[in-house]
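There are two complexes below, and they share subunit A, which is joined by subunit B in the first and by subunit C in the second.
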Partner chain A sequence: MKHTTAFLAFIAVLIPQTSHAETSDADARGLEIATQADERDRGWRFQSSDMEMILRNRAGKESRRKISTRQFEVEDDGDKTLSLFHEPRDVRGTAMLTFSHGLEPDDQWLYLPAIKRVKRISSRNRSGPFMGSEFAFEDLSSQELDKYQYRYLRDEACGRYQCYVIQRIPRYENSGYTRQIVWLDQEEFRSIKIEYYDRKNELLKTLDFSDYQEYPGGFWRADRMEMTNHQTGKSTTLLWFNYDFETPLKSGDFNKNALKRLL
Partner chain B sequence: MDRFTLAWGRWVTRYRATTIALSLLLTLAIASGGQFLTFTNDYRVFFGSENAHLQAFEELQEIFSKNDNALIVLAPRDGKVFTPDTLGAIADATERAWLTPFSIRVDSVTNFQHTTASGDDLEVAPLVEGITNLTDDDLSRIKTAALSEPALISRLISPDAGITAINITVELPGIDEETENPKVATAVRDLRDYIEATYPDIDVYLTGIVMMNQAFQEAAMSDTTQLIPVALVIILLMVFLQLRGFTGTLGSFIVIVLSVIAAMGTAGWMGIRLTPPSMSAPTIILTLAVADCVHILSNWLQKVRDGLGNQEAMAESIRINFSPVLLTSITTAIGFLSLNFSDSPPFHDLGNISAVGVMFAWLFSTTLLPALVTLLPAKPRQGRSLITEMMIRLGDWVIERRRILIPTVSLVIVALVLVIPRNELNDVFVRYFDDRIEFRPHTDFVVENLTGMYFIDYALDSGESGGISDPGYLVQVEQFSNWLTEQPEVIHVSTLTDVFKRVNRSMHGDDPNWYRLPEQRDMAAQYLLLYEMSLPYGLDLNNQIDVEKQRIRLSATLETLSTAQTLAFEQRSYNWMEEHTPALLTIAASPPIMFSHIGMRNIVSMLGGTTFALIAISLLMIAALRSWRFGLLTLIPNLAPAAMAFGLWGLVDGEVGLGLSVVAAMTLGIVVDDTIHFMTKYLRARRDQGLDAIAAVRYSFATVGVALWTTTLALAAGFLVISTSAFSVNAEMGFLVAVVVVLALVVDFLLLPGLLIRFDHLLWRGKGSHAAQSHLT
Partner chain C sequence: MLCAATLGSPVCADLSQQFELSFQGQFFPSLSLDSNDIQEQFFAGVEAEFISDFESDYLIGTFLPYGRIASAGGDMNHVDIRELNLLYTQDKWEGIVGISRVFWGVTESGHLVDIINQTDQLEGFDGEDKLGQTMIRISRLFDQNTVDLYVLPGFREREFLLSDQPLALPFPVSNDKPLYGADNEAQHVDFALRLSGYQGMADYGLSWFSGTSRDPEFIIQPSGAYRPRYPLIHQVGLDLQLTLDSWLWKLEAIHRTFESDTITDDFTAVIGGTEYTIYGLAAALFDLGLLAEWHGDNREDHTTVPMQNDLFTGMRASFSDTQSSEFLAGIFSDLDDGSNSVRVEASRRILDDARITLEAQSFVNVDSRNALSYLKSSDFVLLSLQLFF
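Now for the complex of A and B:
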């Protein structure tokens, strides 16, 4: 299957395109590539990992956050994610549960240990910053295929890879972006770089993925993600550790009640 | 010296084509620097990069985010903001405001992130949603919420709910400074046009830092396009009236224009960015350049009248005038160069450009001018003019009344010096522009009806990472913000403690009793986390909290204050913190603080500049007059005019800002010219012709009286043109300089002659009246 799509994509390059059909062809090809990337990352079922977030302001001052996450793959809908905050100290034990969906707003709950209560988060606002970082919720939540409208732009070298460059336009409401440009390497369809364009269609941020590792089942994960805000000069680095695709997790582990029992 | 200057004069009148060609080539080469000239549009240029208050403010902006802004103020004609129509217009305009170039944040009443309890959950949503379906109940609920929200009241909504604002925060990348701010300003004006066209019942006013920066640029450009041509016409008219000749006027015109072009070209090569203060340099140069021309041309005409040939008369005029014109040019340049002592870089530029221009004026008036005007035959008027007669009569009158004039003028000087302390330092930068610049009337309206343009930021440090959630710290921040709110000058305080209180209330079912700070640190931090996670793109708290969650930015909006009031307020806030919340004590930072301090610093540094100019010029005078006694005597007519002018200013206005603080140093080099010309002729009469003091004074009046009168008139006219600038810093400076040059003439005509006669025995003691001949004559 995987080879068929690549083959089709390959064929698409060879077929001379008339300007009349160019737009729809580019759209189809963009979707094709995105679908391929999506399919490559299917079937991991569950995973867990630790993440360190390094926030930097324009002056270079740094601040760190530590979070561990567990994810559960859901067929035909967004994934379920549990995040447990370790640092900063004041929010230690705070846990977040996210049910992401395609076009529908995500469902999201936050457990606050200080009051031992679970609170629902206003879900419309997934464009806001995650824990004061340069990552928005929408950058971190699971990237369902139908969240965007795609268009193939070009092929291009990207670092040591050869990349497909596609544009995607958010189809869900309340996004902070007009469009994103994604660089996917042609061999493994891993995201290499994403550019985010704000409401006035100006380049807002760039996300660079690096230090990819392959995990059992052929799943690739970047150990390092670097988000740079070009407008404010702030940046955030995400470092991922301890990826685990082996320890089994159940769907039942992902519910509101589980939030309180995490720590 | 004489041989050299005579040779100079002969050369330039003989090789006219070469001289003209060389002058034009030189000008052309230098003028090509003009391509690098750009207008600045950033108020920060008024502060050197070393300026501590600017650094503090920049640092604060690096920790949080920049808050350069454009404020679009909407005034519905029916005086009601909370109607479906107006709210619809605000929402529409808010949405469009996001498209402003370089915008990173847009705040308005409609997109304000309102928190409410929804069951057990925290609901964070725009205050106004679904405008088409709003019921009367909804409208009154929205109105109540907005008017009771400290973050909005007197900032984005007036207490009477009649006027509202949309605040656009921009972050200019600073890569192409010339175009960035204008892009924002243009977009904001386009949006204004859109609002006014779409919603004709709403009046729109624009203010904010972006619009102020734009005003600086527009003021500089309006000075360029309006003042320079007017000054040029007036000055040429005066030259024409004085010389009554077309040739001389045309020659002067070319010299003046080339001097200005060469000076501005040099500015371009030096990489100077044009500011409103430096844009008065062209007017200043053309005003000063004319004096050189007048001196050279009048002697030339006189020699022709005396029967010399056209070129020979010019060579003779060059011989006579070369040294005095060079000396006056150097002293004038020294006065301008002393502006480099200023704390405010635009005044360095003004001084340097003017100094360069003055030297070019000297060069061109001793080369190009003689070459040009001798191309055509001179047609001097015959006989003494009426004005020369009047000068001679004035001389006689002064000599006759000297016993009354000396004490009278001295008394006036002393009296005016005594009222100098009436002047008060004041720099109100929002009033730098007059009503011709759109920024001013709009800002006045906004300040009067909605909010202030003055703000002061405090970066309150909790001392540890995450410390902003510490209840002990929060209580102190709340105390300080409460204290600020109580101050009569304060219109609005933006503080994170209000957010904490609001969230706490909503976490407790919107119970007003819970509108207070959370009492546990982890609870506060987690509430904040929950709230932050609910905020959409561009409306986060990163402009108020640093990345370490260690500091809060507290921002107080103030009424427009005088410098003294601003400094007093700043000090009062430090005192209060020291006494009540010493842990929070920090430096206040903001443009008003910067402008308030620079006024004082500039006066102190310009005292140094004035002293430097005074010493340098006095030494030159002593050397040039070859007498330390006469050199020291000139201190009186050189110093008195500026002192008297500031005394007069103290009586009339009394507010001294950036522009006036450079006047003393700047005028010193100009007023000294009168003294040089008068003294030179006086000494020549005493030393060469063996005349006594009274006869020598009479001779001075007869020979340079008219020239001094004319050049003073021209100078006063030129600077009065500057005094009509839309930029008050220039306008006040121009006016006061005009006053100084007029007073200088008064002192030189009414006091100096009397002193020369009265103290003749002291001045000449130990020397014969045939002392060494001054090389000036």
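Now for the complex of A and C:
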């Protein structure tokens, strides 16, 4: 392996000019596609939904989590999110408030109903698993444009769509990934598939989106997401219900007090 | 409203109800078999929660009764209304009327600032369980700050374990009506005010309490029994947490003054420390939190105050398995006399909707003048099972 790396480095030194020019073109195109996707999903202002998470181990044994979320869109910063846990029942009533800030660490509070306590928690653990699932915190967090560095790779058919394939490299600290490959359909710029490469740059997980629905305002949401971990054989399915872009939410619904009175 | 109770269904439930059944065995291995001491006892409890929003956007009603039966029977059976209240919420205002519970503070190994609710002494040995308190709370919500005003009628006395119970007070507590600092005794209405909020990485709270102390003093009666007395106090409190990447820095401080004719002197107490977490150890199997918190108190009397100059050090392992396994271990060390108490706790989810917890505590090398000395022989092991419906 070491020899290969050294050899590639040697090649890179030989042809810096051409590769640099190609790189910047592909980078610009990648950013352009990501910007389009980002702009198409702007302006929803607030939304709420319910989610069921089905965790499967290698032997196929399942366990379930149920969570409902509300989100508030913040211009020029990350979104505000409230998540309320219903199942497993031993964590029922536990709630999490997140103010995401793109490249800066998120502000995050956890409410523990048994002791009526709101705790500020560290958001350092971006790469850690969310509730024992195959989704890491960073996979489920607010996806801001400036969180990644982009590069266009190719056009490619993806199921019944024609896709742009772009690579994105996390610019925020403490990511568990070296890079991600994203398939976006060329018509609506919806995510169709994401491949996650671990810190050793080996394929770790694949996320497949399906059953897209269009909501008022032209916002598309997948009713089903399937995350497969290729290294462990485990998988997690997310099923989304009750998407609501119409019941109004205010910024004031997203604070430490609100954590204590969710139901 | 979040229509959470009925996931997958298009309508919100007007009433959400849930139940928790709990079973606990308590074992006291160090108590001698030939004495009258209890070596083991068992409890079964039920907690119900009924919440309704009355199909409105601004009202929430909560009823949370709790009850348990004990193998020891009699005084160890126990019923309490933890909550029975109506909450009103508006954009900038919030108000609650009824019985409720309130927690203030940031530290892990002790709670100084928290003062609204009486400790439920019959329940658990860690002081984390609280009795419901009657209150009117009015809150003004600002962008990043909240001001809460509390009016607290209906003082609740502490309930004491009978002398044959492990971890009971080392002296007989009088059955007579307690004494009070206030002329109108338990009818005295207490007040509290709190400002809390956050700014960047800092979360803070400033609080003031004026009224009947939740902690009793004891007046020795001619009969030799100790009669509880609840003095009138004023207390100011500060709690502060700085969240810096993997480090949490925490501080709680109080200053308590007593109205005249009390036997206790004014005092200041502090808990301060840090928690550092190492994430994703053993191929992301668990996170390891390392804790250190120092407890200081300027009261001289070592026999009644357990924490004058004590250090808590501990670790918490949170596993990323589907059972959300947790393991905690900690040690309290008295830096003056070398007394120690060691505590471990392990829990994990079993089946889909149950949780099993094992707790154990042991007192090591406790100095006979230390306030913990009466607990010397009461090492314990607790095994609990909670079922959720």
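Side notes on the structure shown:
Here is the rule we go by: the second predicted complex is superposed on the first by the 243 of 263 C-alpha atoms of A that agree within 3 Å, B and C clash if a C-alpha of one lies under 4 Å from a C-alpha of the other, contacts with A are read in each partner's own complex, and residues count from 1 in each chain.
Methods note: a contact is a pair of C-beta atoms (placed from the backbone, for glycine too) under 8 Å apart; a residue touches a chain by one contact, two chains touch by 3 or more.
Since the structure is predicted, the reported quantities are computational estimates derived from the model, not experimental observations.
With both complexes brought onto subunit A, simultaneous placement of subunit B and subunit C is prevented by a clash.
With both structures placed on the common chain, the touch criterion links A:R199 to subunit B but leaves subunit C unconnected. In the superposition on chain A, A:S48 makes contact with subunit C only, not with subunit B.
Using the contact criterion defined above for the overlaid structures, shared-chain residue A:A59 touches subunit B, although it does not reach subunit C. Contacts of A:L110 after superposition on the shared chain: subunit B is touched, whereas subunit C is not. In the superposition on chain A, A:H86 contacts subunit C only, with no contact to subunit B.
Contacts of A:G132 after superposition: both subunit B and subunit C are touched.
In the superposition on chain A, A:N257 makes contact with subunit C only, while subunit B stays out of contact range. Of the two partner chains, neither subunit B nor subunit C is touched by A:A157. Shared contact residues of subunit A with subunit B and subunit C: 55, 57, 63, 88-92, 115, 117, 119-122, 124-125, 127-129, 131-132, 176. On the subunit A side of its complex with subunit C, the touching residues are 48, 50, 52, 55, 57, 63-64, 66, 68, 70, 82, 84, 86-92, 105, 107, 115-117, 119-122, 124-125, 127-129, 131-132, 176, 241-242, 250, 252, 255-257, 261-263.
Within the complex formed with subunit A, the subunit C residues making contact are 1-5, 7-8, 10, 16, 18, 51, 53, 60, 87, 89, 91-92, 94, 101-103, 105-106, 128, 139, 141, 146, 196, 198, 203, 241, 243, 245-248, 277, 279-280, 284, 287, 320-324, 349, 352-355, 386, 388-389.
Here subunit A touches subunit B in the complex through residues 55-59, 61-63, 85, 88-92, 94, 96, 108, 110, 112-115, 117, 119-122, 124-125, 127-132, 136-137, 174, 176, 198-200, 202, 230-232, 234, going by the rule given at the top. For subunit B in complex with subunit A, the touching residues are 59, 62-63, 65-66, 98-104, 120-125, 171, 173, 465-466, 469, 507, 520-527, 529-530, 532-542, 545-549.
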